[in-house]
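Take a look at the following structure, please.
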Amino acid sequence: MTDLISTVIAKYNYWIYITLMMIGLYAMIAKNNLVKKIVGMNIFQTAIILFYVSIGVKKGATIPILEHGHGPDAHHVVHAVDYINPLPHVLMLTAIVVGVATLGVALALAIRIYNNYNTLEEDEILAQIREK
Amino acid sequence: MIWPIDLAILTLVVVAAIGALMVKDLLGASVLFGAYSFMMCLLWSIMGAVDVAFTEASVGAGVSTVFFVAAVFRTSRRTRD
Amino acid sequence: MNEQYPALLVVVPLLSALVVSIAGWVNKRLCFPVAVAALGMAAWSAVGLLLRVLDEGVIVYKLGGWSPPMGIAYYIDYLNGLVLPVVSIVALLNLIANKKGIEQQFPDKIGPFYTLYLLMVTGLLGIVVTGDAFNLYVLLEIAALTGYGLLAMGEERAPLATLNYLYMGTIGACFYLLGVGYLYIVTGSLNMVDIARLLPPLYQSNTVLAAFIICMVGVWLKMAFFPLHAWLPNAYTYANSAASSLIAPLVTKVMVYVMIRLMLTIFTTEFVFTTLALSDAVVWLAVIAIVMGAVLALAERNLKKMLTYIVVAEVGYMVGGAWLGNRDGMTGAILHIVNDALMTLCVFMVVGNIVYKVKGYAFEDLKGLFRKMPFTMGALVVGAMSIIGVPPTCGFFSKWYLIVGAISSGHYCFMAALIFSSLVSVVLFFRVFEICFYEPFSNHHGHDNHPGGMDEAPVSMVVPLLVVAVILILVGLYTGDIVNHVIQFAIPEAMV
Amino acid sequence: MNMETIISIKPLLAILVSLLVVPILVLSGKRPNVREACTFLAAGVKFLIILSMVPVILNGTQIVYTIAEVIPGVAIKLRVDAFGMLFALVSSSLWIVTSAYSIGYMRGLKEHSQTRYFCFFALALSATIGVAFSANLLTLYLFYEMLSFATYPLVTHHQDHEARSSGRKYLLYIVGTSIGFVLPAMLISYSLAGTLDFSSQGFLAGTGSKPLIGLLCFMFLFGFAKAAIMPFHSWLPAAMVAPTPVSALLHAVAVVKVGVFCVARVLTGVFGTDLLFSLNLNVPIIYIASFTIMAGSLIALSQDNLKRLLAFSTIAQLSYIVLGIALLSPKGMTGGMLHIAMHAFGKITLFFCAGAIFVATGKKNISEMIGIGRRMPVTIAAFFIGSLSIIGMPPCGGFISKWYLVLGTLEAHQMPILFVLLTSSLLNAAYFMPFVYKAFFCRPEDSMFENKVQEAPAFCVVPLVITATISVILLFYPQPFLRLARMMVQSITGV
Amino acid sequence: MKIIGLIIVVVTGALLIYAAADFPAWSDPASPASTYLSPHFIEKTMEETSVPNIVTAVLADYRGFDTMFETTVIFSAGVVCFFLLRISRREEEEPETRYYRHVLTGVTIQLKEGYKIPPSDDFERIDAAWTPPDLIIKTGCRILIPFVQLFALYVIAHGHHSPGGGFQGGVILGASIILLAISHDLRTAVRRMSEKLMAILCAVGVFIYAGTGALCLLLKLNFLDYSALAEVLHVDPITARSHGILIVEIGVGIAVMATMIWIYNNVSSAGRYRQGL
């Protein structure tokens, strides 16, 4: 039992990311309002970013910017254990950008849909399409 | 890292996410989404991902929210879910 | 210059997209020539790469001069060496064919259209050429975002259909990203070859299993594999014809390529077929996909939508073939990527021509088209023969390998599904031909000045179409060479 | 037995001639004379090319040409052997007469879309020759499908509702069976044997279990629905909506003959006589064929529409050929192969006559043709000769093939079949002779025709006279065909 | 739909939790992710690129190719928004009645039957539903914007040594203009940064990045191998890398700024470019 609890606690970040991701996924599938779906989509994406950032965390390490980057001791020896893994951060910068780009496109589409049907509720739009 | 703050932020993230999806007003949802992004950004800076946090602060909490507000302004605030 | 082909392949369309984007604001007439030149260059590099691969084997290109796994590298082997020319040539031919249509539909937005078109091709080529799992995600998103833009400009229902595609596409891409994250967490690497090297000791790990499943589901979402196909028909049907005839042939096929790449390179056949026992289940899914695609296509009274369901069924062919777990099936799947890209291009270009002339693609708009547009319909006949699987068109030969694979692995249901789908295709296409052949052209659109006379689409649209039709037959006749010199080496030795 | 082979492009040329003439036909669509001259030219050239190969084949040599190696072990490959030569000779020579007849018929009736008609006619001929010269199952299938699709516009030439429903039926049967049965059977054979090249012993020999081989055998038999073996026969009467030259082509030159040719090829080249014998597969085939013969003849008795009557007659006659091959005795096989030629010349004469009557009078039903012999004596005389050939009576070529078939049944000790053959001949006589009688020997006052009805145009009459004459000549000089058939049988059975 | 959604979510969640059980412990320095590639980046960055901010170095150099496409993604999003939303002049019905406001006095003029006032500093065109912006907000933002922009430039330029870089700086720069558009109105912002300029700047920004890469290619090294720039910049290859990173960061900044503004303009006015929010 204590094992289980300690696993749960030790990896709590991962549980949070799964929770957030599922919240987002559920919103994308089950929500009726198009903008709500887009909000869900963004939560979904940020959850994955949270997951990646969690990979990079390293106990007892600091942010991945080298101290003594300039000045007289610019070339002193760097130990990998002192710094957080920078690679996930780099990847996630890209992912954030992709997220905002997708958001822009999705909103543009939502506006066009609104112009066509004068509503953002999916069921109302489908009803209008069926009427035609 | 101070665990009570960490825990508080984690809770807030989830609450903000659920809140953004629950409120019946899209403008409110946009603002709550901004709050969610900002909490996320705090979380990441706690984890030492300063660049990611910086980006999220400017993009997620900043520009994304503005886009949402702009889009909601151009469409409608009303929603049923 | 020769050794820079891998970079040129992607960079030339990218740079020219930027140039076109600026040219769209300065002088619109420059857009088309620049775009054609860029895609021509890309096609040239792609063919050059294929020849080099045939000569020297796998080519590694280090971007930024950093050797993998530190930096990003391109790996061009027999598999993507074959897919690259197809992607670039399909894009080039389609661009040339649709010049008139684009000018007719978007007189004010020519620049952005060509920009998006080129970026889309950049993305697709990048997906195919890259050897880095994360880089693939970024390129996936480029192809997807530009695809949404292109598809959404169409009929009234296009934006909604595209938004649904966007949701599904984003979920798919994110699943892929998550899968890559899982691989990263257990291996620490992002380079495909490197991951493959590090994975074998971890084959029993839950994480690797989950990574594989998540990646697969993500890729299936993007390629519209059966239960996940719901977004595709509407998104492709209501789009403008230039976009749909670019995206329908390429996107699903490139995603199938990604799936095969994941199966062969990252996870290796040993893991996919030996450690996992999913092969049967996926083949059954493919069977259902094929049957459902065919049946749903039968229910349509509208040429373009019917074709989109055929695309869904064809995805079933390729997924099923890849998962048969033997050499013939995999050969069939890879060959079908090439063939299906070409034949889908052919039929969608035909739809483009019909839309250009008749302004519609419902069955009742097609009356009397054999008389009116004989060349276009001739190409449709060739495309249809290929989809049905009549020799010597190329569609027959991939079907051949798929069925032989099905027989030798004992999946007779898959063989039956393929035959069933061929038979349904006969019905589908001859239903269309009947309408075009028997019923006199109805004049209610008022475009036809001499009823009964020939009123073919412009030469610039017909010639590329006929070229595609001829290519269909040529590829069929050269199947032996393609398989013996290329595909055979694309499949790892371990696979029998 | 090893045959000498030479590599030559001639068989490919023979196929390409009629393929390459298509664009010329399209371009010359506005000038009918040029167009038809081209058709003739192509037909002539094709016939000459094929003729030029005859001596080589008669010397016991085979001509081989590989077009493309498409699948490991399977190429798109042409090979001319005696049997293929026999068939090619028949169809290419008949194309010439049919072309002439088409001109008369199409112009006489002022049909629409004549260019399309001639184009697809040429395409169909290419496919037919392709089937004849196929060296393996894949090539055979390729040309078989090509023929199916090329004849579709011909069958549905009139573009009306009747044509549409017949066209559907035609495709459903022909393409449905070929994709549904032949394609999987071919692939299963490939995965069993690893090759598809026809060999005189049959490439499936020594592979596969008995039930599987049996299954394959019937998949092939029914898959080639062009052979119109019951129950896959009903497309043939339906396809009678086509213009008469097309029917003639379908029945005599191309389609159905391709069907039986394919069945014969598969039985001999894929399974081989030994395998069929050892598994006793020939017996059910014989009985199916016999059933088709009897049923076809009986149904023909009750037909009033002349073309439908001929259609059912064809169904019966085709099964003679299948029967002959399935007897697996040298004489029977010779008879079967020979019947391809004999029936072709006989049946095409009959169709030409039916068409000529239609052109001259517009009548389709036998009951409306009483006394027509007085107005169109040449046509009806030719009809008489043609029907004699079908019945198998001297002085016509049909006699020889039937004679061999009868000998074959004796050789194979299949007495019931002998009975079938003889009864069927009687039935043949029973449905042909009343017509001839009514046409010639009715009282003048019963005649339904006035003086203004005359013979059809020369383009119609001359071809049917030629084919009728050839039918007669074949009795006395069956040489090239008989020799080719014998050579083939020798190569298969070694006797 | 809700039930289907729930089922999918539960199944997916279960799969993910199942997989997470095998993860290396959280924040474990010995996990493969922390021991395989990252030590190289952390330890070698300084000597290979002379950039202390490892994230920047990896972003713009080791994985510079990703970042080029990341910029392209943003660029394509801008183009897509324009392509989807912008209503061209040809399609847009020009209103019969126009409104102008005299800037100094605040007098609003209505012109009917398509009459126009030629563009001048005295009059600004407004929409029928125009409301005067709040003076405090207007003035406050006007004071704030230069500082925001200055900070943005700092973020771009100082990306080598501190968190930040082209992307973040570009966003902030874009946000400053968006702030102008919100606090005043869209017309004001578009007058400062015209649509055409935005569109061209987007492309130019990406072009700087891809062009730098292509320049390396022309200088006989691989694409994006900044050390090739050493020849042009007359520095050693390592410093050339650092400079190369700065150049591409500037490109990213320009592209991101322009695209953000472009997207905002199109989304907030639904492609009409009138009043905005």
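For reference, chains read A, B, C, D and E in written order, and residue numbers begin at 1 within each chain.
As a convention for this text, a residue touches a chain if its C-beta (ideal position, glycine included) is under 8 Å from a C-beta of that chain, and two chains touch if they have at least 3 such contacts.
Note that the structure is a prediction, hence the values are computed from the model and not measured.
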Original post:
If you walk from chain to touching chain, how few steps can bring you from subunit B to subunit C?
Top reply: 2
Subject >> Contacts common to subunit C and subunit D (chain labels) >> reply: none
Original post:
Based on the averaged CA atom positions, which chain is farthest from subunit D?
Top reply: B
Original post:
Looking at A-B and C-E, which one has the bigger number of contacting C-beta pairs?
Top reply: C-E
Subject >> Centre-of-Cα separation between subunit D and subunit A, whole angstrom >> reply: 70
Original post:
At what distance in angstrom does the C-alpha mean of subunit E lie from that of subunit B?
Top reply: 19
**OP:** Could you check subunit E for residues that touch two or more other chains and list them?
**Re:** 16, 20-21, 23, 31, 33-34, 37-38, 41, 53, 55, 59, 63, 66, 70, 73, 76-77, 80, 84, 163, 167, 263, 267, 270
Original post:
Tell me, which residues of subunit A touch at least two other chains?
Top reply: 12-13, 21, 25, 54-57, 61, 63-65, 87-89, 91, 93-94, 97-98, 100-102, 104-105, 107, 109-112
Original post:
What is the complete set of touching chain pairs?
Top reply: A-B, A-C, A-E, B-E, C-D, C-E
**OP:** Using the touch definition up top, name the residues of subunit E that touch subunit B in the complex.
**Re:** 53, 55-56, 59, 163-165, 167-168, 171-172, 174-175, 178, 182, 260, 263-264, 267-270, 276-277
Original post:
Can you name the residues of subunit E that touch subunit C in the complex?
Top reply: 15-16, 18-24, 31-38, 40-41, 61-66, 68-70, 72-73, 75-77, 79-80, 82-84, 86, 88-91, 196, 199-200, 202-204, 206-207, 210-211, 213-214, 217, 221-227
Subject >> Complex contacts: residues of subunit A adjacent to subunit B >> reply: 12-13, 16, 19-20, 23-24, 27, 31-33, 35-36, 38-40, 42-43, 46, 49-50, 53-54, 56-57, 61-65, 84, 88-89, 92-93, 96-97, 99-100, 103-104, 107, 110-111, 114, 119-121
Subject >> Complex contact set, residues of subunit C against subunit A >> reply: 134, 138, 141, 145, 148-149, 152, 156-157, 159-160, 162-163, 166-167, 170-171, 174, 177-178, 181, 184-185, 190
Original post:
Can you name the residues of subunit C that touch subunit E in the complex?
Top reply: 4, 7-8, 11, 14-15, 18-19, 21-22, 24-25, 61-66, 69-72, 107-109, 112-113, 115-116, 119, 122, 126, 132, 134-135, 138-139, 141-142, 145-146, 148-149, 152-153, 159, 182, 184-190, 198, 205-207, 209-211, 213-214
